[in-house]
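Letters A, B, C, D and E mark the chains in the order given here, with residues in each chain numbered from 1 onward.
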Amino acid sequence: MIFDLLLVAALLWSAVQALTTPDLFRAVVLFIIFGLLMALAWARLDAPDIALAEAAIGAGLTGALLLDAVAHLHKKRREQSP
Amino acid sequence: MRTLLNVTVLFLASAFGLALGWLILDLPVAAVRLPEQVTAQLEMSGVVHPVTAVLLNFRGYDTLLEIAVLLLALLGILALPRHVSDHQHRPSSANPVLQTLTRVLAPLMLLVAGYVLWAGAHRPGGAFQAGAVLAGAGVLLHLAGLLPAWATPGRTLRAGLAVGLLVFIAVAVALMAQGTLLQYPLSWAGALILMIEASLTLSLGLILAGLYLVLTDSGVQK
Amino acid sequence: MSSALVYALTGAALFVLGMAGLILQPHLLRKILAFNIMGSGIFLMLVGVAQRAGTPDPVPQAMVLTGIVVAIAATALALALARQLLDMNGEMRLPEEKTGKDRLDV
Amino acid sequence: MFDPMPWLILSPLIWATLAFVHGPGRGGRLAVACLILQLSLAAILAQQVIAGGVRMYAVGGWGAPLGIDLMADGLSTVMLLLTQTIVLPLAFYARAYFVGHANSLRYFWPLTGYLLAAMNALFLSSDVFNIYVTLELLGLAAVGLVALVGGAGPITAAMRYLLATLLGSSAYLLGVALLYGVYGSVSLVALKPLIAADAPATVSLAAALMLLGLMLKTALFPFHFWLPPAHGGAPAPVSALLSALVIKASFYLILRLWFDLFAPIVSITAAQLLGALGAGAILWGSFLALRQTHLKMLVAYSTVAQVGYLFLLFPLATGMSAEVAESAWQGGVLQVVAHGLAKAAMFAAAGAMITATGRDEISGIAGVATRIPLTLFAFALAGVTIMGLPPSGGFAAKWLLLGAALASEQWWWIVVMVVGGLLSAAYVFKVLRQAFLPVEETASFQLLPRMLEWPILLLALASLVLGLVGIEVLSLLGAA
Amino acid sequence: MNFNETLPLLVLLSSLLPGLIIFALPDERHGLRSLINMVGSTLQLLLIVYMLRGVMHGEEYIYHFTILPGLDLVFKADALAMLFVPLSAALWFLTTLYAIGYLEGSPHRNRFFGFFSLCVTATIGVAMAGNLFTFFVFYELLTLSTYPLVVHRGTEQAMRAGQVYLTYTLGGGALLLVGIVWLYGLAGQVEFTHGGVLAVLWPEYTSQLRVIFFLLIAGLGVKAALVPLHGWLPLAMVAPAPVSALLHAVAVVKAGVFGIVRVVYDVYGVEFSQSLHLLMPLAVMASVTIIWGSLRALFQDDLKRRLAYSTISQVSYIALGVAIFGPMATVGGVVHLVHQGIMKITLFFCAGNYAETLGVHKISEMDGVGRRMPWTTAAFTVGAFGMIGLPPLAGFISKWYLGLGALEAQMPWVIAILLASSLLNAAYFLPVLYRAWFQPRTEAWPEEQIPMQNGRETAWLLLVPPLATAVATMLVGLFASSTLSPLTWAKMIAAREYLYWMP
């Protein structure tokens, strides 16, 4: 139970941080952490299938897509600023 | 104005959240017991793992539509007006260490995907997870500079993207010849589901990788 | 209170967080993040409430698997649109939300 | 007996996927062939429903609650028939339209196929989670279609539409999650007997969430912000599909939930609230339509207003005597059908006028009356339905709604309907009068192919003739 | 479906189909278009003559078609309908002839004749409607099909007139619709029946019935141009002359007042209306309109505007006849439905002739026009004398019976109204006639478009219709007592509406 509560706290913290931190890159990294924590939560809920899928798709692939978008954003900003 | 909106939304959202939390603490016992029915019918489904049984047999129709959703998302992205880059986009900083590592990892991931797919019949795993692993391999290959981004997929690739859905539909239609949509005969159920899952794994891997490989190359027509 | 219910409550909180973020955050990338967090909240809620007695229920688990796939499909399409907007407008925001509050993240 | 239900879903899925494999710009001919087939399937289903009442189909042979059931009753059959009837002429129209707009064709056909599969699946589904999947399929396909043209305007509209539709389906899904939590099932058939007037408050919350989400997708005032740019900016065949059918899909679902699943727990207060929002939509939408300077935006705002009429059904049918409720119910459904046909014709006609004149402002269509009279005639006929003048389908719907309002002595809805009707006449004639103005001979004008004009007229005529055969639609609707 | 049932439909189709075919024709097929028009209108006249014979021999022509539960389209050729239908058909025939001549060489004639036929279809539909719903359907169709005719010229003035016209008529239509739906809710299908059908609802729903009556009359009064709902009519005269002729004589204005006749006689029942005290306000409204229209007419210099205000005044005679309780007044009102049509169309034809031939639009330009165009001016004179009410012309018959009715109903003030109105008629028509016949011409015509040819003052097609209607004006007066006259027909109608009265 204590583990569950800690996990829940970490989940909520990472979610809030991902939504409010001013740096986008940081936000995405936090979101990936959030996804991995979700995978843990699914494992705790006796849902190993979802845990696998969440880690691979929710955290992994979504994370990759978002990181790529942030990279694209930074590239654009560099192009714009000079 | 903006602040007022912020405050209102935050207030309403928290009120809603509290109400929601309070209400779910006090729920009656559910009238319908689906887990028991799943267990009771599991041996009729052709697989041993209950989640796979629900996913591909009891509620296989959901999954059929869901594959369509995934394919549709890629289709929607491909349908956007984009410029087609002349040079095939590869990350320039292809690190030789990463490349070597990837050359080793990619076949390994292929193997893992096969195992996860096969395992799905009786323990956690299945087409989705296997497809995700395949897609991961694709993304990795791209990052290592070994796989170009997809500007416009050719017909073979499109066929590969669609094969999962098409096989699924074909099985559904074939089964209808002797009765009902997606009603597997008991003796064939396991084999048919494996066949569907195999083709789904291929398509899911391609689509999920495609989401990345198409997006990473996207730009607007100037 | 079972641990499943704890997760269900967390799901409710995540849903609320995500919804507020989706409505209030002007940056599209953050809206997409918020949408995913909101989705995760719903999924936790679905499984958590269904398993409140402590026994696993494969039906909502299968539904969540479906939901995760749908979510990534939507996320990918949203990102594609957001990137197009960035290329055309130089910003990842909807025009009515160009408050320029935090220019940092374009 | 041959069962058309699964085929209505499989057919568009198959042709959409094949069209995708075939490549960008391809698949039109296949689509038309399959659409003819689908229209016949829907007609067969209608006959079966009229003859034998509600039809069920257990996918996978399991049956609810373990499996997923398809269900065709009067309402869903009306919607299926309407959908295929509208899409077939629009397919012909689109083939002609994209000849002149080849650069925005791309994956139009597969996207339309999935859109259609989603709608057919939605109308036939009797499982709230399955409906969620169809809603997402529908939403993503619609967004993809809106984005086809490209450019800052349409892409922004598509993005806004996507966010709105995702928020809507999330709220819906949370409602589904709560329902499963309370009852352990997501099947409409299994849930219906379980929900009684003394259902736990969680069920009310679930109902509110699902209905709110669907209202957002239906673009009910004040959730209409996303609709005009999305419908007004898309290519004309897409606008027609979206305005005529896509918003009706979520409205159909609201009807299903309100009158079927949640009937024991809905309150008269909530019904009056929905009616008030509908009245707001009628007045505000018409007012804004009147102020538009661009043709397609005017038509799009007209959709916002017409959606309002649909929601007048709730205060007129909830908590009233059986007779009044039935009249309101019939009027509401007829309005769905009439508006679908008329709005498809109107958007298609607007697209044709813009193609012909090369200008998209209302002031640019002067001279249309002499150059493409057939299209203008179709626009005017569709306008007759939108204005609710006899003998159109829109009039029959309004007649029934007015009758219900008078019989239940809710005069305030009568005022709304009358004022709304006059406002709609004002914006329809704002276009028509412009078309009659003389134009300089030098103005360039593109001749239209015949296949672009006739489908429009067909749709407009259908909306008109509906007023004369309304009783047939009602007998299908009432089949039990 | 037997022949008697299809006959009303055939009559409608005989003007609807030509209209639809004409829309599809290319604009330059003038000969074919005129042929189709004339074939349609001749066929319609023949069908109507056949039906008239049948109605006189007691045949019934009813067609039913259910479109919603409890909502039927009904076409019925009863005596009242068969008074209006022949009038519309005959005047359509003449107006089409006239319009072919009038619009020679102008653009968009397809559109014009197409909508013209639709407009006539709508009028016939209004006439043969067997219940309020059917009436409403064609009443609105009339609005829609006349709008393009009003704005036909596409000028700024025409567009404005069109907008005002729509605002008034659609608004009126909305009121009418609410009234009809309400009535259907109370009484079910309200089929037109001699003597009315609503008396059974007394006394429970008395106040509701009064409100409904108000709604219906307000809705119908817009087209009937009852003051203060008349604002659209003087503006709508920007339409081409044949349109004004038809609009004022049979189509729009008549549809409104015909609706009032139907509501009072065949829905409420004249006796029931009287017992609800509904007739008196209507009589007052009609009287005000009569005087107001005549007064305004006095001050118009534009000939068509003067005629327009005259229409406002004259049409209210019909409403007045309806509102005075008693068979004599009924005869006077109903017969004026026909008489006013014939006389007013004569006047508009003539006004069109002046404008088209000589470019004369204003009364101040009419000096000496009688010498240049004696036939036209003679026809105009007959029409004007008829309007004033000189015996033995048509207008006299109407006013005579209205006067008798007023005496019968002990409403002497109505006599005063009639006298005052006749004086005003004389005051605004006689100066026109004086100028035309007796003032010498001192300057050139404003715009002489059709020169004298072999002693013929203008084109044949422009000359024949007004002469025909002028002759008709004399004939219906002279032979008022013959068995085929409108008067006899009106007496028959009155006999059916007042159950105790024998003519």
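We take it that a residue touches a chain if its C-beta (ideal position, glycine included) is under 8 Å from a C-beta of that chain, and two chains touch if they have at least 3 such contacts.
Predicted, not measured: the structure shown is a model, and the values here were computed from it.
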Report summary line: By label, the chains that touch chain C as well as chain D are B
Query raised in the report: Which other chains touch chain C while also touching chain E?
Result: D
Report summary line: Maximum distance between Cα centroids and chain C occurs for chain E
Report task. Could you pull out the chain whose C-alpha mean position is farthest off from that of chain B? Result -> E
**Report entry** Geometric centre: closest chain by C-alpha means
**Finding:** D
Report summary line: Ranking chain pairs by contacts puts first B-D
Report summary line: So, in whole Å, the Cα centroid of chain A is separated from that of chain E by 78
Report summary line: Distance between the CA centroids of chain A and chain D (whole Å) is 38
Report summary line: Expressed in whole Å, how far the mean CA point of chain D lies from that of chain E is 43
Query raised in the report: If you average the CA atoms of chain A and of chain B, how many Å lie between those two points?
Result: 19
Requested in this report: Going through chain C residue by residue, note those that touch at least 2 other chains and give them in order.
Outcome: 8, 13, 15, 19, 23, 45, 49-50, 52, 56, 59, 61, 63, 65-66, 68-70, 72-74, 76-77, 79, 81-84, 87-88
Report task. Would you please write down the residue numbers of chain E that are in contact with two or more other chains? Result -> none
Query raised in the report: chain B: which residues touch two or more other chains?
Result: 20, 24, 27, 30, 34, 38, 51, 58-59, 62, 66, 69, 72-73, 76, 80, 128, 208, 211, 215, 220
**Report entry** Pairs of chains satisfying the touch condition
**Finding:** A-B, A-C, B-C, B-D, C-D, D-E
Query raised in the report: Touching chain D in the complex: which residues of chain E?
Result: 23, 65-69, 71, 73, 107-108, 111, 136-137, 140-141, 144, 147-148, 151, 154, 159, 162-163, 166, 170-171, 173-174, 177-178, 181-182, 184-185
Query - Of chain D, residues touching chain B in the complex - result: 6, 10, 13-14, 17, 20-24, 57-62, 65-68, 103-104, 106-108, 110-111, 114, 117-118, 121, 129-130, 133-134, 136-137, 140-141, 143-144, 147-151, 155, 178, 181-185, 190, 194, 200-202, 205
Report task. Would you tell me which residues of chain D are touching chain C in their complex? Result -> 129, 133, 136, 140, 143-144, 147, 150-152, 155-156, 158-160, 162-163, 166-167, 170, 173-174, 176-178, 180-181, 184, 186
**Report entry** chain C residues within the chain B interface of the complex
**Finding:** 1, 5, 8-9, 12-13, 15-16, 19-20, 23-24, 45, 49-50, 52-53, 55-59, 61-63, 65-66, 68-70, 72-74, 76-77, 79-81, 83-84, 87-88, 99
**Report entry** chain B residues within the chain A interface of the complex
**Finding:** 51-52, 116, 124-126, 128-129, 132-133, 135-136, 139, 208, 211-212, 215-216
